[in-house]
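Both complexes shown next keep subunit A, but they swap its partner, so subunit B is in the first and subunit C is in the second.
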Partner chain A sequence: MDVRAQISMVFHLDKCIGCHTCSVACKNIWTDRKGAEYMWWNNVETKPGTGYPGKWEDQEIYKGGWEKKGANGRISLKGAGKLRGLLNIFHNPHLPVIDDYYEPFTYKYLDLIEAPAGDDQPTARPVSLITGKPIDIKMGPNWDDDLSGTPDYARNDPNLQDLSPAEQEAMFQLERMAFFYLPRICNHCLNPACVASCPSGAIYKRGEDGVVLINQEVCRAWRMCVTACPYKKSYYNWSTGKSEKCILCYPRLEAGYAPACMHSCVGRIRYLGVMLYDADKIQSAATDHDNDSNAIDLQMDILLDPFDPEVVQAAKENGMADSTVKAAQTSPTYKFVKEWGLAVPLHPEFRTLPMLFYVPPLLPVMASLSEAKNAEQEKKLDPIAKSWNDDWLYDTSTEELWGTVDQARFPLKYMANMFTAGDEEKIKDILKKLMAVRIHRRGVTVGDIPAERVQTTLEGVGLTPEMADDIYTLTALAKFDERFVIPAAHREQAMEMMDFVGDTKGSSGFGINQVAERGL
Partner chain B sequence: MMRSVFKVSTGNADWKRPRKVAILRQIVEVCHILNARYTVKRAFERTFILSAILFWSAFCVPRLACAQQDEGEKLFKQSCTACHTINQGVRLGPDLVNIHNRRPEEWTVSFIKSSQSIIKSGDPYAVELFEKFNKMVMPDNNFTDPQILSIIQYIAANSPGESTGAAVSQCDCSSTDAPAQSVSEENIRSGQMLFNGKKRFTNNGPTCHSCHNIDRADVTAGGTLAKDLTNAHSGLGEAGVKAIIGNAPFPAMAKAYDGKPLTDQEVFDLAAFLQYVDRDSASNNGPYYGARLFFSGLGGAVVLFGLFAGVRTRSKKRCVNHEIYERQIKSTWEDSNK
Partner chain C sequence: MDLLNNFTLIGLPYAALVLFVVGTIYRYRATRFTYSSLSSQFLEGRQLFWGSMPFHWGLLVLFLGHLAAFLIPETVLAFNSHPVRLLIIEISAFMFALIVLVGIVTLFYRRVTNPRVQAVTTRIDLIVEILLILEVIIGISVALGFRWGSAWFPAVITPYLHSLMALQPDISAVATLPGVLKLHIVLAFLIILLFPFTRLVHFLVVPLHYIARPYQRVIWSWNRKQVRDPDTAWTITRPYQEVPNFLQKLVPSETVELLQQKLISRCCKHRK
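On to the complex of A and B.
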């Protein structure tokens, strides 16, 4: 067992209101620079939608992530590799272009003030932040927000594959549409494709907390990471000629602060904490599945129980500080991911073992879906309204107050494509748990649900009333320090790995170059 | 020269007048003093002046003529012997024997000053010479007329049947050649090191390859300031090579080695090296492919471009939102910044 620590995140999608405050906080701190205007290390997408950059989930276009090929069952990068890297070394053929993101722009506000008197109101024309010339704005980082431009964006969502036409139509019927927000940052994966793809060796995963960083002094602008990252979270700065990505605000983490996007989150959807994992199992976790729900199970397997004495012992032997183990024991992410099994990674089939987990949204469930006599019904479809005249597809008058998860208006398949590599059962389990907690809390606060019914609901999903209360507390009431359990950074140890500190220490009486002994 | 002096003196007429007065005054003063003392020292003065005149006429006049002839010899050996001989046969340029009889003096003077301008002016004899000697350019010389005349005088003095036998015997052309010595591997290696600058010239002259190149794999590529010397030996001949190396007639090279002459041994080694390089390159001319080379290159290019095209087929060719952007309405207003 090779126990290591990883800072992991949980985003609770039911709580996200899509306000983009996180994006703005991140932009103001990190990417408000020349060459970085188009980058959004943190962005919020509307789902269904194509996201930013467009169709980033479609790896047939961008060739990101890992791929299992051949009989030996080993995985290799989809868009990079030794031979392919050599062939494409001067021209990386699957790179997103600026139009896949969007051309960043600002407005000539000064024209509003300095325009000479005239018959018309002066206007502030948009100018490109790349060329400085007036442009027609074609796109923005959240152009398809709240399902705008549905025919172009939401209907082209790569996650709609495997959904029947009726299911797809159901999602886009006017007045019955549903959507949710998906905030995204770098996943700080355990098996990062960007790190593997870099020909210069500029990207590395920090040993002490697993933050994935690009060394700006080593980066040689090959941009293989831009292609390799299946989440398209590595960006190329055209001004500095280096690639950049989310640094999980490590300077803030080291000082004990939450990352800016999490700190500023209005809906308090974000949780951050340490998780212990077994580095020996990374390869098998990334390899030993066939793009099915087994991927989730394998990933859960490498996450270790921080209360297990064996794990704690192994962590100590690996030189992990007690404070880190303690942080792992109080980690909110461990609770969401392992203890309650509520959070799942985004697109586990990319095989990068992302360490950002999502609690899927319990979207409008107060409608049931019936699909029958498909061919016959297709004929009745209004070509313009894309709607049926009868109640064939939707029935919002369910018998139960909470409806049933099985008949959710938002197809489970869609969620499963995003979070569980297509396994609807796993998604259903999670949604049922979320539902059970709501039923339990309604029983507690309103009291209009019989106790035995609450009891059976909780038992059905394997929760106790105490657990349900814990989930409720951490979801709805958690304070700052409960949402963000940041371990001490122990920079003094990290520094000793790189620098000889004997001189300074010797002169102040701490002995010569030795491992730090500070009672950690 | 005269002209420029004249110009200066007229140009500064302002101060000329007062100075003239001052000089006159001085002369008057000196005369006055001389007059005053004449009576006393007259006899002595006269004797002194007389003897001085006698001494001058007896010693300095022949000395002056001698110096002039010496200068001609010096200049000839310095600047001409690399390519020309006097009655020793054709070297790089024609044998200059009896040049004073064969060509008019003015023509010779102007040809020495700038052979190219004579050739360009279409002088038939000059053009014929140029054609005859492989269009090799004779470098322009920055000699004064008296210097050229002294050279011609020297040549005349050394042409047979024109002057005294003593003068002929003075032209010891063979003395400029290095003593006969057989070429060894050691000489060639030493010559290569001198050429490359791996070995310093005894008198600290600049290394050859700072200006010259030799097209050989084992010689560092040299400068392109002066001629490529790969085939210098077949062009100039051994004597020519040695003469040029030992006593550069070219102004830039002469300036570069001014006061830093090469030793005889160095000249010999370099000549041996150049001879070796020349023969070696002559026997090592690569095979001739002719049109095959062109067509194989063409075929290779087609294959290569085909390969590139094949590589490109699987790449992402355009933006994922291309169709959306195509549909969007473009603004038609003029750019006010233009």
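On to the complex of A and C.
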């Protein structure tokens, strides 16, 4: 057992309101620089939708992640690797280009003030931030915002592939349409494809906290990591000729602050905590499954119980500080992921073992139309009246219990494709637990559900009333200190934090005390 | 004429080599950040394919050819003693030269016409590519005008290059060569001279070590075991280094132990 610690995050998707505050906070701190304008280390997508860059989940296009050939085979990088990477070094056939993201733009605001007097109002024309020339904006980082059902975005979602045409149609009927938001940052994976793909060896995982970083002084623009990362979270800076990615705000973490995205999160959907894992099992967890739900089981198996005396002992032998072990024991992410089994990684079938986890959303699944009243409504002619009439509101009552989950408005298969490598049972288990917590709390606060019924419901999903209360508290009431638990920084041991990067903000942005000027 | 010969065939080569060595090392140590291939594929990928692929692969072959003639002239001469083999070498070298020409011209055309690539093009980029185009064209005309280069290069040019290396420059033979050939040599040294001031330094950091390294890289800022030792926790001031794996396998374990102690004493200044 080789115990290591990882700072990991949980996103509670039911709470995300899609406000993009996280993205903007991140952009303001890290990527408001030339060459990085198009980068959104944190971005928020509407699901179903194609995301950013367009259809990033479709690895037939982008060739990201690991793949396993044959049932017992080893895994190799799909679009990079030693042989492929070196042979493709002069031109990488799988590299996305800027148009797959969007061409960064600004507006000529000064024209509004300085245009000479004329017959027309002056306008601020959009110009490209690359060429400086006027462009027609075709795409933006969140162009698919709230566009569920549209042919350009939602219907091209790669996660729909296993759904029957009828199911897809049902999803996009105007009255039934639902969507949710998916905030994404780098997953700081345990088996990172970006690290493995870098010919220079510029990318590495920090042993102490698991943050994956790109050494800007060693990166030589061989641009393989951009291909290899299945989440498309390694970005190429076209100006400096270096790749960049989310750094989990390590300068902030080392100073005891939360990452900017988390700190600014309006919905308070994010939880940050320490997770202990067994590094000896990484290899087998990435390999020993066939793109099925086993992937989740294996990954959960890596994560260690911080209260287990053996684990604690092994952690100490590995030089882990007591404060880190302590943080792991009070970690909110450990609770969501292991203790309650509510959070799952995004696309485990990419085999990178992502260390950020998502609590799948219950709300868009649960809400259903009161079918009985539809016939009446159909008779009404005025479509606007239709949408305003109360009878057309979604019924979110919990009367039907499991029934709602099974006849979900939102096919479970879709959610399973995203979070559990296609296993609907796993998603259903999680949603049932979430529902059970609601029923339990309704029993407590409103009291209109019989106690026995609450009890059988909880037992059905393996929760105790205390656990349900804990889940409710951490989900709905938790203060910042409970959502954000990391060990105190060990200043005497940290190396990177000794660099003061404030002076170079805006140029290098992070990590190195040198103005990051493009080479000759 | 002598003066010109001395300058171009002795002065320039030495200036170029010194600048190359000093310049690239200095740049690497002082501004390592600028070492990059500065890929522009992210802005434009299709034309780049038709430029970069033929250019680099062709150049790789030509470079290895020139290198072979320089390093192992006898072997090359012996190989060429058979006319069929000579013919094969000559024809394939010529083909690769044409491929390189197509590549570099495409690259240059792309650099000056594509607005996005223009945004990341500096003057020195253009100078380098123009020089490379000239060098390839001149090389091709040498190949056409003075056949069987692979036979006379080892006999005429290699001794000259060796004399340069030995610090006893002897240009008696090369000085009598025709102008185009001398121009080819001069341009080559000019390109070498420009290395430290251009993107060409990417050639010096070709990541061949990738083949030997494990796929995953985990870096620790400190010795994991040592941190537990209350004596040392506050004293480690530099990243802890371990004796490299391959050394651990090569040398006896006592030596590894000794080396490790040395490394530790280096990284932990105040250690008792």
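Quick note on the criterion: the second predicted complex is superposed on the first by the 448 of 520 C-alpha atoms of A that agree within 3 Å, B and C clash if a C-alpha of one lies under 4 Å from a C-alpha of the other, contacts with A are read in each partner's own complex, and residues count from 1 in each chain.
Everything that follows uses one rule, which is that a residue touches a chain if its C-beta (ideal position, glycine included) is under 8 Å from a C-beta of that chain, and two chains touch if they have at least 3 such contacts.
Since this is a predicted model, take the numbers as computed values, not measurements.
Undergrad: After aligning the two structures on subunit A, examine subunit B and subunit C and state clash or fit.
TA: Once subunit A is superposed (C-alpha atoms), there is a clash between subunit B and subunit C.
Undergrad: Now for A:Asn191: first (subunit B), second (subunit C), both, or neither, which partner does it touch?
TA: second
Undergrad: Once the two complexes are aligned on chain A, which partner has more residues of subunit A within touching range, subunit B or subunit C?
TA: In the superposed model, C touches more residues of subunit A.
Undergrad: One more residue to check, A:Arg155. First (subunit B), second (subunit C), both or neither?
TA: Once the two structures are laid over each other on A, A:Arg155 reaches no partner at all.
Undergrad: Return first, second, both or neither, reflecting whether A:Val97 touches subunit B, subunit C, both chains, or no partner chain.
TA: Touch partners of A:Val97: subunit B and subunit C.
Undergrad: Where does A:Thr50 make contact in the superposed view: on subunit B (first), on subunit C (second), on both, or on neither?
TA: Touch partner of A:Thr50: subunit B, not subunit C.
Undergrad: Is A:Met139 touching the first partner subunit B, the second partner subunit C, both, or neither of them?
TA: first
Undergrad: In the superposed arrangement, does A:Lys68 touch subunit B (first), subunit C (second), both or neither?
TA: In the superposition, A:Lys68 touches no partner, neither subunit B nor subunit C.
Undergrad: Tell me which partner A:Gly85 touches in the superposition: subunit B (first), subunit C (second), both or neither.
TA: Second partner only, subunit C.
Undergrad: Name the stretch of subunit C, from among 38-46, 56-64, 128-136 or 164-172, that runs into subunit B once the two structures are superposed.
TA: 164-172
Undergrad: Would you please give the residues of subunit A that touch subunit B in one complex and also touch subunit C in the other complex?
TA: Residues 91, 93, 95-97, 133 of subunit A touch both subunit B and subunit C.
Undergrad: Sort out for me which residues of subunit A touch subunit B in the complex.
TA: Subunit A residues touching subunit B: 50, 53-55, 61-62, 87-88, 91, 93-97, 99-100, 133-134, 136, 138-139, 149, 152.
Undergrad: Would you mind writing out the residues of subunit A in touch with subunit C in their complex?
TA: 82, 85-86, 89-93, 95-98, 130-133, 191-192, 195-196, 198-201, 203-208, 216-223, 226, 236, 238-242, 316-321, 492-496, 508, 512, 514, 516-520
Undergrad: Which stretch or stretches of subunit B touch subunit A in the complex?
TA: 311-312, 314-316, 318-322, 324-325, 328-331, 335, 337
Undergrad: Using the touch definition up top, name the residues of subunit C that touch subunit A in the complex.
TA: These residues of subunit C touch subunit A: 31-45, 48-49, 52-53, 55-57, 115-116, 118-120, 122, 124, 197-199, 201-202, 205, 207-211, 213, 215-228, 233-234, 236, 238-239.
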